[in-house]
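Next come two complexes built around chain A: one with chain B, the other with chain C.
What follows is the complex of A and B.
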């Protein structure tokens, strides 16, 4: 295992340096991808070994810096995330071979390839780190490499803004994580995670709560929970698409990892019920608002970014339910909630990465991210269309895909709340289930829009009319993820025992046997009487029923040759301008939920002078109010500016004054020291 | 009974259920039309007219728009398959469905959603503004019905201690674990009835008989379909209606359903089942004559009522149980 780890570290390190050689951009890009492919393949092997190993694997290298040791620990939880990162990383590296071509001559492919490897390496080290200091260093490395990747196209002003916003938000988050770790450090006197787990003086109740809240804010900023999500829809779309896939698919999951590590490892899984309840409420709100804002987006990548907020919310619903059960001592249900949350974590990593790669392919082929300029692309790009459809069906949680299996598990853990003795929990969890149902079906509407407007009907612009299918490497990257999505959906009997190893290490209860009924063909939420699901059988019956449809057609009428004709357009020739637009498609939803959107519609009509019945020009403007930015962030930013203005008095520009400050500070410090 | 025999029996029962769904569903549509015609003082077509319509459509040459992709031709099959699969999860004449283990109420809702998703795509595929309009409206109606549907069944599921439909029906039929106070059940029933009307595109949410494009939802999405594709979609819609009627009939009034697999019990079960769904069909026909179709943005209020009713049912359940 140590050898595998060395191969992984070495190939990432080579991957960071090799692209910087003064070669052709094409060679640089290829070098970065090849190194990353080797590294991610060893990462997949490492993850699988770690998940099946009986004991965690540890190793460490001492450093000369006090408190810092490069300690590494590969336990089941870490292995699960190593596997997830490496699977998405592999697809992204293959995809990058073709995708970076459209950056040639515009941006530095060398820097892109180097940071790409560095980003993957830092994420792997985040989950492997077994020392708080080391963790914070690689966490910061992850934030910085991803920042540099976000601003790849830094010649654009909006990309620079997105990057800056991200940089600030991620550091606010890091500050809270440092705070959490300092609290643990204070009690244990060491930054080693082992000491965090078993501190000399256990944390008093108040400090535990404080540590939890700080971790929730810190990791929540990275995860993009509402209301800390505002950076996400800017930063994720601004990055190159294979980076967006990594950020949305994997990087935000690092926050889930951190949260689970703190809650179930450092704090030993002992907490009052309201912690889980808080996580649950945040999850429900994030899921719902995430999909609501996604519906209104017509920039395909922003739409996907908002769906990351939604899916993080869904994951937190599972984890929150698990936490509530844990605090009531219902160990099996706790494990169920966590299995559901982790299942959705890996599922979301796969289909969201797939969708971002698909969006990247559309961008590559049409040079625009605006959905209203797509249309008819399924005929021009059949493979991209098929893979995007698989991703869309998965994220919309339609049976028998992987998204459906994990959302189903989350539904079951929310429904099983009737076993909890508290009435409020009993009532609130089904309500959360109703929110999840609403979220899921709105996600269905959103992806019907995303796929329908982009890939179906007539092309809406000349870009879309002349689009061509993307190179094989990009198709291979997407196809790999699509295959994993299908596998994760149809083979829960393989996935659940692996996830069970992770949750068993957290809750101390193994539930894999209880979850797999009928020789593994049916999945049950611990109690097979309460409910069961068999996605492979459902898939089989679906295929059988479709075949029956074909048989019925053959029986009753035979397959008469189709006649092709134009769509009837009320006597006019159908043009793309007559088609439903993405804006039009979501108009009813916008109207029903206008309280949340607070839409502003401006319609200016300039009439002909001859007759006021004919318009010369019309101008339509529509935007929705970004509530959180307006009511939460603007006041804070304004306050910071005001404070900075006040403090400017200190900064007078005179060198003598500054020297005086130093002198006064020294004196004050000396007084304290005495 | 050996394992092989058990499996054969399960397959036979599943196929029988599929056959009943396929065979009965067009008659239900015909019956509703007949009831409406009689209320409107018309003679109306005979109850079995939909069979003739389907047979004719199957024989016709389909016309397909040049704008469309493979989604358009695949959708009828996907819709047919998902509706039939959903139908196999809901007990009709026998309470213990062999496919019970394969999916519960959530799977049922999501199987319908699978069909809806592809139908929305197909509506957009031809590029006609009518199809897009139907798709857009279907998206909002579906968004509001599904939470209500899940909540209403959940209120019942709690009583039976299961979310698997056959288990719910079987337990209720054997009068196991039934609550003495029926109020949660009644509220859930009302909610589910509204949901059924909305999901199957009936008045007051949608009008299946409309010829005015601007008021259509479901029919607008099908506007470009013809021939065998239209036949499959029409058949699937009829089956969806029947599945909802079976759900209401058997979850709330499972009496008479075959709880054992003896020929006697099965034939009684089938007869009672036909009587129950026919009764519900007459009820739907009556409602369609007594109410006007609601404006699209009034539909949200109706579905909101359904959701609140289901939620109240849940609340009542907990309060009554203490």
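What follows is the complex of A and C.
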């Protein structure tokens, strides 16, 4: 295992250096991808070994800096995340071979490839780190490399703004994480995670709560929970698409990892019920608001970024439910909630990365991210269309895909709340389930829009009319993820036992055998009597039904008579202007939820002078109120500016004044020293 | 030399330190830049003599070396560099001061008292014949620092910085009979480089603002 680890580290290191050689951009990009492919393949092997190994694998290198050791620990939880990172990383590296071509001559492919490898490496090290100091260093490294990747196209002002926003938010988050670690350090006197687990003096109750809240805010900023999500819709679309796939698919999951590590490892899984309840409420709100704002986005990548907020919310619903069960001592249900959360974690990583790669392909082919300029792409880009459809179906949680399985498990764990003794929890968990149901439906609507507007009907612009299918490497990257999505959906009996090894180490209970009914062909939430699901059978029924339909059509002569005419043409010549626009598609939803969107609609009509019955020109303007930015962030930013203006007096720019500061400090300290 | 008892030795070292302090006050009171440079050279000479005295009394040969270096660098090289800068810039006087001369002298007096006050508790622990010089060394450092704040011309600030360095050297000699030779060498090299860099910086300042008044630097602020 150590050898695998060395291969992984070495190939990432080579991948960071090799692209910097003064070669052709094409060679540089290829070098970066090849190194990343080798590294991610060894990462996949490492993750699988770690998941099946009986004991955690540890190794460590001492350093001369006090409190810092480069300690590495590959336990089940870390292995799961190593596997997730490496799978997405592999797809992104293959995809990058073709994708970076459209950057040639515009931005530095060398820097892009080098940071890409550095980013993957830092994420791997985040989950492997077994020392708080080391963790913080690689966490910061992850934030910085991703920042540099976000600002790849730094000649654009909005990209620079997105990067700056991201940098500030991520540092605020890191500050809170440092706070959490310092609290643990204070009690244990060491930064080693082993000491965090078994401190000399256990943390007092108040400080435990404080550590939890700081961790929730710190990791929550990275995860993008509401209301700390505002950077996501800026930063994720600004990055190159294979980076967006990594950021949205994997990087925000590092926060889930951190949260689980703190809650179930350092704090030993002992906490009052309201901790889990807080996580649950945040999850429900994030899921719902995430999808609500996603619906209103017509920039495909922003839409996907908002869906990341939604899916982080769904993951937190599962984890929150697990935490509540854990605090009531219902270990099996706790394990179920966590299995569901982790299942959705890997699922979301796969389909979100797939969708971002798909969006990247559309961008590659049409040079725009605006959905209103797509249309009719399914005919021009059939492979991309197929893969995007698989991703869309998965994220919309339609059976029998992976998204359906994990959301079903989360539903089940929420429904099983009737076993909890507390009345308020009994009442609240079904409410969370209702929120999840609403979210799922809205997500379906959103992807009906995203797929329908982008791929169906007639091209809305010349960009879309001249689109061509993307190179094979990009298709291969997407196809790989699509295959994993299908596999994860059809084979929960393979996935659940692996996830069970992760949760067993956290809750102390193994539930894999109880969850697999009928020799593993069906999945049951702990007890079969309540409910069960067999996704292979479901898939068989669905595919069978579709096939049956086709057979019936063929039997009754549906294919014989052929008529060629425009669909719904009614004798008119169809033009793209007659199509549903993305804005029009979501109009009903906008009406229903107008309290939340607070939409501004402006319609200006310029009439002909001769007759007031004919309009010369019409201007339609529509935008929704960014609630959180307006009411939460703007006041904070304004306050910071005011404070900075006051502090400006201190920064007079005078050399003498600065010297005087030092002098006075020196004398005062000397006098104090007496 | 039978007359040179430890008691007289201590007195002589104290005398040397006192002369250093006196030149410090003279630098604070002096408006003419070239005179300031001369006073600095004089102070460095006193420092070298005091150091040589300590070397003789304690029989530590490496302090001789440091004293020789002091003469070379601080009495000969740096004053010459500074004189050349002054000539080129054509500034002879410190015209406007942040704090005028009488007030500066009063403040310096207070600083000397502060230095003695601070070192009072640690004096009795010392058993070296140079122990009284520690307070004076600290006073010189503080006065040097203060001069940097009180004066506006970059040349004066550079001299003040060098005075501070002299104070530190005296302090090191007083407290521990000098630092290890290698450290001493490093410090001399640093001071020389600092003086050269500050000289260049002063020239630049002249080019950019037509003045070596460092208060003009605040114009660089947004």
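Heads up, the rule we're going with is that the second predicted complex is superposed on the first by the 653 of 674 C-alpha atoms of A that agree within 3 Å, B and C clash if a C-alpha of one lies under 4 Å from a C-alpha of the other, contacts with A are read in each partner's own complex, and residues count from 1 in each chain.
Heads up, the rule we're going with is that a residue touches a chain if its C-beta (ideal position, glycine included) is under 8 Å from a C-beta of that chain, and two chains touch if they have at least 3 such contacts.
These numbers were taken from a predicted model, which means no experiment stands behind them.
In the superposition on chain A, A:653 contacts chain C only, with no contact to chain B. Counted by residues of chain A touched, the larger count belongs to B, out of chain B and chain C. By the touch criterion defined above, A:638 lies against neither chain B nor chain C after alignment on the C-alpha atoms of chain A. Using the contact criterion defined above for the overlaid structures, shared-chain residue A:458 touches chain B, although it does not reach chain C. Of the two partner chains placed by superposition, A:424 touches none, neither chain B nor chain C.
Within the superposed three-chain model, A:663 lies in touch with chain C and out of touch with chain B [touch as defined at top]. By the touch criterion stated above, A:408 is placed in contact with chain B alone, chain C being left untouched.
Using the contact criterion defined above for the overlaid structures, shared-chain residue A:671 touches chain C, although it does not reach chain B. Contacts from chain B toward chain A in the complex involve residues 18, 54-55, 57-71, 73, 76-78, 80-82, 84-85, 88, 99-107, 109-111, 113-114, 116-117, 120-121, 123-129, 131-133, 135-137, 139-140, 142-144, 146-147, 150-151, 154, 157-158, 161-164, 167, 224, 227-228, 231-232, 296-297, 300, 307, 311, 314-315, 318. Taken in their complex, chain C has these residues touching chain A: 98, 114, 117-118, 121, 142, 145-146, 148-150, 152, 157, 214-215, 217-221.
The part of chain A that touches chain C in the complex is made up of residues 651-656, 659-660, 662-663, 666-667, 670-671, 673-674. The touching residues of chain A, counted against chain B in their complex, run 376, 378-379, 385, 393, 396-399, 404, 408, 411-412, 415, 418, 423, 426-427, 430-431, 433-435, 437-438, 440-442, 444-445, 447-449, 451-453, 455-458, 517-518, 521-522, 529-534, 537-538, 541-546, 548-550, 552-553, 556-557, 559-569, 574, 576, 578-580, 584-589, 591-592.
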